[in-house]
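Before anything else, here is the set of structures, which you'll find just below.
What follows is subunit A paired twice: with subunit B in the first complex and subunit C in the second.
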Partner chain A sequence: MTTPELARPRGNRRIFGWLHRHPRVKLGALLVVPAGWFGVIYFGSLALLFAYAFWSLDPQTGEVVKQFTLANFQRILEKPVYGTIVIRTVAVAAIVTVVDALIAFPIAYYMARVASPRRRALLFMSILLPLWASYLVKTYAWRILLAPNGPFDWGFKLFGFDGFSDIFGISDLSMTVVFIYIWLPYMILPIYAGLERIPNSYLEASADLGAKGGPTFRRVVLPLAMPALVAGSIFTFSLTLGDYIIPALVSNTQFIGNVVFASQGVAGDIPFAAAYSLVPVGIMAIYLLVARHFGAFDEL
Partner chain B sequence: MSQRKGLISAAIVAILAAACSSTSASPAASNGPASQAPASQAVASEPPASAPASETPVATIGPGEGELNLVAWAGYVEDGSNVKEYDWVHPFIAANPDCSKVTVKTADTSDDMYTLMAQGHGTYDGVSASGDASNRLIDRAEVAPIDPAVIPDFKDLTPFLQSPANNTVNGFHYGVSHGWGGNTLMYRTDKFPTPPTSWDAVFDPAKMSAYKGKVTAYNGTIYIADAALYLKTHKPELGITDPYELTQEQFDAAIALLKEQRPFVGKYWISYADEDANFESGASTIGTTWQYQTNALKGENPPIPVEAIVPTEGMTGWSDTWMLSRYAKHPNCMLKWMAWMVTPETQAQVAENFGEAPANPKACAILNTSTKPYAIPNFCDAYHVTDEAFYNAIAFWKTPVRDCGDARGNTCVPYDQWLAAYTDVKG
Partner chain C sequence: MSRILLRVATGLTLGFLYLPLFVIGLYAFNNSRAQSWPIQEYSLKWFGEAAASTSVRDAFVLSVTVGLEATLLALLLGSLVSLAVHRFRFFGRGALSLALVLPIALPGIITGMALNASFHNFGVPFGTLTIIVGHATFCVVVVYNNVIARLRRSSKSIEEASMDLGADTWQTFRHVTFPVLRTAIVAAALLAFALSFDEIIVTTFTAGTQETIPIWILNHLRLPNQRPIVNVVALGLILLSVIPVYFAQRLSSDTSGAAAINR
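After this line comes the complex of A and B, so read on.
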């Protein structure tokens, strides 16, 4: 009993000493678990998704036939509805991104360069707090806000406008509004970080050289904030692109995700679901390449 | 450190195993949990391609394993937290202290249910499956056959529910019938002073134009059958006999009808909560429903003015079965639950709370004298509990397959095409 206890620290010390002399092995041992996790779980599932996309479902037996076929992609290309859904999803994601950027920029600018530290903390809290609430709660809250006889409808009726619930209510417009609200913090925070990094001296130099507010913004602030803006847009764009719950709850239309979701279940058509999932993966790959061009990853 | 590493690698292994078992799409006989008695008898040695011809039904109930995890429709597993008068979970625990923890995952659609059971091996012990999921679960060997003798009240079930096609295959009972009902037509009484009598209220554009955007429909592929059922009466020249067994021509007609309906639909409801919210706000005023939503809306304070009717064309419907997963970790508790769910007392509570016909007519005596919130006079007459003709008139949910089941042979449109077409309808 006593012998192993005495032996253990000595053995440990020997191992530590050896590791100290071989720093690469030490680093490798430290990284193997997280890297393994990332490699196996993350890339493994992506690889599986990719493989499934080229398999097919035998409608008779409901079994997945593990033989290479392009049938799923043929179906996506031939049936116009799948193209329509992709265009709709991308269009809404783009609108959400642009509107979020327009709303987020002034807020982030105010926080980074104008607000007193006290007010900045207050703004930070009000932006971060909603992130603690469940996404579903926020979505249902918006449904109530936009519903016929809901608060907005009621408010507009006070001013004699009756058509609110016809325009909003359950519609694509409502869905877009909810997306804009839900993802806004993901746009504000990167832009804030980007703007905060611009040294005051740059703005002073611009003023010294005779530039007024407009040109300074266009030629100094905006180019320097561009990488942050693009980084924020990656969040809003990809999060909207992949969502399927807000479309189902707030609108009556389908996103790519809704079709993917419907394809499993009793239908069990995982191969088609996988093939259709590759569409947003492809779109994001292109988006990230463009984002890299704008320097979104320069400061990583 | 090494302990934590071990944990993580164990987690990786577990996830990999889960991924593998879902890719192979066939249950591995060696899956741990099912090796406990008595479910071990139910484990299939080979994954059958279709309903197994030879099985060993579970014939005994051993001591409970402490807990029970269920997949169920909303309203099927109530512990009094929604309406305090409706509670059959606590009495179950009191009667079965060896199954003291009951958790439920509520599924919104049959698709959800099937996915949870097929991908959650070992997570769930049983499910309350409707016919469009139950046969698929049997075919894919997800559920185990039981010997009806383990369910003391089985002999009291309505005769036509003892061995219905949706849970009895090749003479094997894959579970116990629980209750059934129809998808009725619900409307806001304040918006429809003259009550509708026909499904044309949600399929005829001439009628719907008066309330465009207020129509609601079920957001599920199986809703195509509702259109087919309507055409069965209104376009007899199509010769539709069964709304789940449609030839291409009949199917195309149903899809065309749904596309015609599409612009009038304000919201396809995705869950009971979704439909309730829409009828409450007035975003929807008419459309297909389950009795559960109608009861819930009427039970609000103040009550929402809604009513539900059986239209003249008949209706689609569901017949649900409690089924035991082959991968159950707590098979004995599940069997006890199945037995519990068909006792007259529980049947009466579920039927009244959910708004469906109980499978066990002995519940009627309790229902007819009930004073609980959702009690209605002559409950069992209203729900046609023992009326076989009425039961036969409901087009019960089932999974469409290529085989029409009659002289037409393999000319019917299978489910994967239903799904693709439904995606197209919604656009």
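After this line comes the complex of A and C, so read on.
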């Protein structure tokens, strides 16, 4: 053993010993980098986004004028198209959330309360993998599925129905279906976790008290699963609200995100893009307040 | 009766989830340039074309670079926060764990737009660095969740035992805490990499003219003569986003903290 090798652990020992006696310093050392990253880069950016929303773009020079103005918000309120886009985005997000909850509940219930532990693990993995499988590729796959002369069109033609790609194809209906598909696993997994936690004894007690399957479901299972359901809905709602790729790829309509993306990119109007992107922030803030009321945060 | 209905519903839902993945898998082997169904002839020729395309190769290298560097940053930040939150009670502890979730809980356009505005304001040129900053920010939560879950399951008494036996803080971390966390950290790294590799919304706001694999697909999928190559790249992207998750799941469910330290 040479001296430097012995010296290093001794130096370490002194530093770590000192840290052990000063836990606050140790905490500071652990937190300084992550807190700096999130405090400066992330929250700094969010604050700047907020500030940009109240700045404006000089139409002559194309430069950002850093003076307080409500012009962006006035434009959003005065031009009906911006209101229509917000309503459309929220409406589709709501439909997607409700349909996903309806599709997710049976499979989640089967996983949590019927399937054997072995099969449950298998099903869990079978839901997890499509959740993680590339979002963009799944959307692209739907473009192929729904295209004229694609698999669905071909299948319907076999039954003598020719109009499939006129109804689906590139349309709002297709877009809604794709949203329902893409976010479905985000609804199944929280509901499954919520249902799995219900003790068997509760269901037995309900049966002992004379309740049949239906009333037990409505008055015991559903209320207990509610926080998990709302937790899942946060994902489906928020993810739909903030999306712009799916509307661009499978429909001809615009979502809030499409306007934001086009404003900062093509138009170069970052102040307006910032102002319009605060609309989903506001909507999500209200949604999260309501969700907290349902106890959904403990399920996330 | 109701059990049969549940089984049928489960089967249909699984079919719904896997149908598009299955179809894209088939189309990658479609010999024809035309994308009509049913596929007439299967071949591997587009795999060669995809591998030979410089724009695909560049996008792949960029995605891997960004994925690795964002994962490393997220591992550092996420592990530090989880150790701090697990060991200490401090002001803002609850707010901190909420802050980590925000980049993925808030709609993607907001994280993307906020970073975009900030880079623009400070004159940071859009490129590899800005993509990495964005990806690292939303990957931290994955690391944090995995590591803190492992910390909560592992018992504090083994660390106390280590200290009682005369190990200092560093030796305890090196020989006791880290081995307990190791598989959780590997699982977190796999998930963070998969998340980064596939991300598109935040990336479109931070990439400038750079093309990651998802952006390459987005830019090429409307060009009819590129579709066969897009199909191949798409299949590759599915596999690269799913395989890490499969192994991460195996790692985090099979190995408990106690089993990890016995090795």
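Just so we're on the same page, the second predicted complex is superposed on the first by the 281 of 300 C-alpha atoms of A that agree within 3 Å, B and C clash if a C-alpha of one lies under 4 Å from a C-alpha of the other, contacts with A are read in each partner's own complex, and residues count from 1 in each chain.
Please note the rule applied: contacts are C-beta pairs under 8 Å (C-beta built on N, C-alpha and C of every residue); 3 or more make two chains touch, one makes a residue touch a chain.
Model, not experiment: these values are computed from the prediction.
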item: Partner chain in contact with A:G150 - subunit B first, subunit C second, else both or neither; value: both
item: First (subunit B), second (subunit C), both or neither touched by A:G257; value: second
item: First, second, both or neither for A:S45, with subunit B first and subunit C second; value: both
item: Partner chain(s) touched by A:A267 [first = subunit B, second = subunit C, both, neither]; value: first
item: Touching partner for A:W132 - first (subunit B), second (subunit C), both, neither; value: second
item: Partner chain in contact with A:M284 - subunit B first, subunit C second, else both or neither; value: second
item: Greater residue coverage of subunit A in the superposed arrangement, subunit B or subunit C; value: C
item: A:G242 touches, of subunit B and subunit C: first, second, both or neither?; value: second
item: Partner chain(s) touched by A:L27 [first = subunit B, second = subunit C, both, neither]; value: second
item: Partner chain(s) touched by A:A91 [first = subunit B, second = subunit C, both, neither]; value: neither
item: Set intersection of subunit A contacts, subunit C complex versus subunit B complex; value: 33, 37, 41, 44-45, 48, 140, 143-144, 147, 149-150, 249, 264
item: Subunit C to subunit A touching residues, read off their complex; value: 2-3, 5-7, 9-10, 13-14, 16-21, 23-24, 27, 35-38, 76-78, 80-81, 83-84, 87-88, 90, 96, 99-103, 105-111, 113-118, 120-121, 133, 136-137, 140, 168-170, 194, 198, 200-201, 204-205, 214, 217-218, 221, 230, 234-235, 237-238, 241-242, 245-246, 249, 253
item: Touch list for subunit A against partner subunit C, complex; value: 12-13, 16-17, 19-20, 23, 27, 30-31, 33-35, 37-38, 41-46, 48-49, 52, 103-104, 106-107, 109-111, 114, 121, 123, 125-130, 132-138, 140-145, 147, 149-151, 153-154, 181, 184-185, 188, 213, 234, 238-239, 241-245, 249, 256-257, 260-261, 264, 270, 273-274, 277, 280-281, 284, 300
item: Touching residues on subunit A, where the partner in the complex is subunit B; value: 33, 36-37, 40-41, 44-45, 48, 57, 59-64, 75, 79, 81-82, 84-85, 140, 143-144, 147-150, 165-166, 169-170, 248-249, 252-254, 259, 262-269
item: Complex interface listing, subunit B residues touching subunit A; value: 5, 8-9, 12, 15-16, 19, 23, 25, 49-50, 109-112, 114-115, 118, 132-133, 136, 139-140, 213, 219, 221, 265-268, 270, 274, 277-278, 281-283, 399, 402, 414-417, 419-420, 422-424, 426-427
